[in-house]
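Letters are used for the chains, namely A, B and C, taken in the order the chains are written, and counting of residues starts over at 1 for each.
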Amino acid sequence: MSSSVTPTSKPVKTTGLHVGDAAPGVRKVDPILIADGVRRTFGGLTAVDVEHVEIPRGAITALIGPNGAGKTTFFNLLTGFDKPDTGTWSFDGRSLAHVPAYRVARMGLIRTFQLTKSLALLSVMENMKLGAKNQVGENLFRSLIPSIWRKQDGEIEAKAMELLTRFKLDAKKDDYAASMSGGQRKLLEMARALMSDPTLVMLDEPMAGVNPALKQSLLDHILDLKASGMTVLFVEHDMHMVRHIADWVIVMAEGKVVAEGDPHKVMENPAVIDAYLGAHHDTDLGADSEHVEALKELIDDEQ
Amino acid sequence: MDWGAIFGNAAVELISPTTAAYALAALGLAIHFGYTGLLNFGQAGFMLLGAYGYAIPALKLGWPFWACVLTALAASVIFALILGIPTLRLRADYLAIVTIAAAEVLRLIFTTNEFRAVTGSANGLSEFQVDLLALNPFPPGRYGFGPFVFDNRVWFFLVIAWIVVAIAAVFTWLIMRSPWGRVVKGIREDEDAVRALGKNVYSYKIQSLILGGLLGTLAGILFVLPRAVVPSYFQPTLTFVIYAVLLLGGAATILGPIVGSIVFWVLLSFFSGFVSRAVTAGWFPFMTQVQAGQLRFILVGVAIMLIVVFMPQGLLGNKKELAFVK
Amino acid sequence: MEPTQSVAKRSPGRWLILLAVLLSALTLSGIAASPAMAEDVSAASATEEPAATEEPAATEEPGATEEPVEDFEYNFRGNVQFEGEPVEGVRITVEGGGFETETETDADGRWEVGVPDNEGTFTVTLDEDTLPEGVIVVEEGGAEREAEFGLTRNASVNFFLGEGVRTTVSFFDQFVQRAVNGLNFGLLLALAAIGLSLIFGTTGLSNFAHAELITFGALMTLTFGGTLGVPIWLAIIIAVVLSGILGWVLDAGIWKPLRKRGVGLIPLMIVSIGLSLALRYTYQFFYGGQTQQLVGATGTPRINIGPISLTWIDIASMAISIVVLLAVAFFLVRTRIGKATRAVADNSSLASASGIDVNFVIRIVWVLGAALAGLSGILWAYFRPGVSWDMGFQILLLIFAAVVLGGLGTAFGALVGALIVGLFVEVSTLWLPSDMKYVGALVIMIIVLLFRPQGILGRRERIG
């Protein structure tokens, strides 16, 4: 990864987030998200098996781990995009079990996706406006009478314009999202997430496929989120980025939380080194691993 | 070769009630497929419900026409809910298979001899328009101008049909430019992304399915007003032809379905008129008159394939989209 | 056909439509019985759609009028009387050429039923359960009669009744007979369903043109076995080989180029619908709209094994299906290319990364799927019995139902699904009227999707 990526100013790290020793599942002073006994299996494979984890409020937490560690599945479970076999988890004191994804989002927990989901044949501005909450014109009957929603729509557009300017996408506001580069789409997705004024932003690999110049500005934007009082949880492979901006790091391997702690110290943890070098290279199949029986047979034949 | 008759018949299709009915059914599909991305292959089923939902209360219960229309629309909403609730959570192609199957189930139920007393089985129902015709403001007789000479009955149905199409087009235009339309278009692009923004995707999909189905139901009424209701009109091929009309005009446009229907019917009438007369004149000695009739279906099939591959945005779609269509 | 002749032929067709409208109105309700009312109806239908007034072909709208003309093109009629008194409410079933319908006698003991064409033999059955107590059909041949049209459009079938005790078939025996028929039907559906499922699994395409691959096999058998006089076993082999070649041509000519263009799955599905429409009417263009019979499809003697009555063709059909299905299973489980096929169906990109030539596998799947569909079509032509231009399309939805029931994209699921659909369709006729027998299977499919969307053997992760 490019080591030239450094925040313009050295970020101010938040410390003193945890209570007691920095062990897996350690209690936090002010947790925003608490997960307990969350387990998800695909066929015979356990993708996620998290005993207890707390995400500290008002800080930037990084979720790291080797491929196939279950990070994205854990994201999906927390945000209602997937259902765990067992477990409870709550956001801001409210239980999230059996809450559908759209309600999770309405509570203020907004996520982005590893593979960007910009809405290709909508304009950048339409993408942004879609992010706003509580729009009266989104009701079918009220949508028929423009005078009901036009005023609110104007306000939303102004807010979107402000965010687009901040993310330097204002010049592209009338273009199709499909016409933008991968990095610009990541920016758009983040900007769109902010339209709803979330309390917790979950970013799934925000740096994947982004060119170094844009990475720079993405980093600044993530720090800005914290500065404006939001909590950030992100999945990332770029260790430089993790060290620079994360206040807290949670390490997952084979579906479990194996270590937690301060970004500089956690890297020295033997469990983390083991997780990364532990030769679990063939577990990168994720949810698909039960779909490869025939392939395995074929490979067996050849050996 | 009677070119005048060929062009005259083709011109009639510009404004015929059938053209209007296909345009309206295609507009319903535009809401489903073009705007929301729902693969409804049961539009023929919605049309069937319109046709029978109107004809049965009119004939068997003697209800006034407005009550018949309401019955048809209510049946259509129930049908949409039955289809949508189980399938809209599933992958897109499940909806396609379930809707085409459900439309066939409906057609078979209306074809069976078991319910002959109500449905008229394979022979269908006729003379259900009496109540509506009582309101016909056009004086009796055949009149018109140029090729457009019809009797007063046809004029009446023609005017009703195009008024309904116009209202439906304005309605669709209004909802699609609103925030509601924005959500629905977002669902077409990526429903997970829209869900992550706090929209109840499932509810929007059901709303869309109901709305497009209601337009299909109205189209079914318009389609059968000038004729008898016969269950074999509502075969899966009808849905496929409506898809052809929609794709020709442009799937995610308001005027596309209307222009598509007009172009489709005018071209088809011109083509079959020409081939049929050419066969009579002995220009195509290898072809019989019956075969000439089948040629147009072959043409429709080939046209569907070519449009999807080479002109996916249709006649009226945004050309800019072309570069980004998968 | 000379043009003048065809023009002459059309006008009686017109009159028949009119007659059909008249008759339907008459049967509908008592109010239509007055002559004045009937005149009204004829006036109404004459002024139908404006375009229909001049245009000869305009009565044939796309999707609209493939059948309406059929309803009263040819008619069977008869009179049911007992000791000179008409018997009302007797159920008459007419079956043949892949068409099945039923009616009841009216107050004068008369019945009449329309059939789509006059080719081949029809079986006319009088349901003895609907006769008064102590009355049965006394003549030779009993309540089931074979009937044909001569050169006329109408044929009379009369049953002679007398006093007697009816020998009823027990419910269990009927059930067994239907179940065996259902098994036969399910096996031939499975042949087509496995191909459809493999194509879906490897390419993601819901191939609506699969119906036309089914029809193709039957049509080729008809051409070689009937028109060209090739022995039927050879004709069947030629037809299956030609079906496989058609699969190759379709993949090479249409689907591979479209995959290369990166056309999405939904556009691909719509392309398959267009292809289906074009092929189907091309068949009709060359073969006409009538139903024709393969060699040996009708009039074969029946073999009775307990309550089961079968022809040797039924037995051969089931045997062929079972042997071919076992061969396909062997191919998928044991051979290298079969395993590669399953690997591509499981996870195409991973298979590709493991060095499997995905395009080659897909080509094999198309050839295999089309050959299986062709064979299925031949067996379906014997089962119905009859060959017609749209015979594949008639069972397409049942095949989709089989694939969905089993779980989209799994070959063995498709087999199980097909057997369930086949059995269900045939056995349900014990309770459902025979013209509704497909309804049950389709409703079951919708219900299964409601409670177990992944299908009976499918995996949950396959849902989107």
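Quick notes on this structure:
By definition in this document, contacts are C-beta pairs under 8 Å (C-beta built on N, C-alpha and C of every residue); 3 or more make two chains touch, one makes a residue touch a chain.
Molecules present, by chain and UniProt name: A = ABC transporter ATP-binding protein; B = Branched-chain amino acid ABC transporter permease.
As the structure is a computational prediction, the values presented were derived from the model and not from experiment.
Comparing the CA-atom centres of all chains against that of chain B, the greatest distance is found for A. Relative to the centroid of every protein C-alpha atom shown, the closest chain centre, again from C-alpha atoms, is found for B.
Between the Cα centres of chain A and chain B there is a gap of 44 Å.
Inter-chain spacing, taken between the CA centroids of chain B and chain C, is 26 Å. The distance from the centre of chain A to the centre of chain C, with each centre set as the mean of the Cα atoms, comes to 53 Å. Looking at chain B, residues 325 sit in touch with two or more other chains. Those residues of chain C lying in contact with chain B across their complex are 1, 3, 6-7, 10, 20-21, 23-25, 27-29, 32, 40-41, 44-45, 47-51, 54-58, 60-68, 70-72, 101-103, 114, 206, 254, 258, 261-267, 269-271, 273-282, 284-285, 288-289, 393, 397, 400-401, 404, 408, 433, 435-436, 438-439, 442-443, 445-446, 449-450, 453, 462-464. Interface residues of chain B, counted against chain A in their complex, comprise 171, 174-175, 177-183, 185-186, 188-190, 192-201, 207, 211, 252, 320-321, 323-325. Across the interface of their complex, chain B is touched by residues 79, 81, 100-103, 105-106, 110-113, 117-122, 126-127, 129-131, 133, 135-140, 143-144, 146, 149, 153, 176, 178-179, 189, 192-193, 195-196 of chain A. Residues of chain B touching chain C in their complex: 5, 8-9, 12-13, 16-18, 39, 44, 59-60, 86-87, 89-94, 96-98, 100-102, 104-105, 108-109, 111-114, 116-117, 120, 122-127, 129, 150-151, 153-154, 158, 226-228, 230, 232-233, 235-241, 243-244, 247, 268-269, 272-273, 276, 279-280, 282, 288-298, 300-305, 308-309, 312, 325-326.
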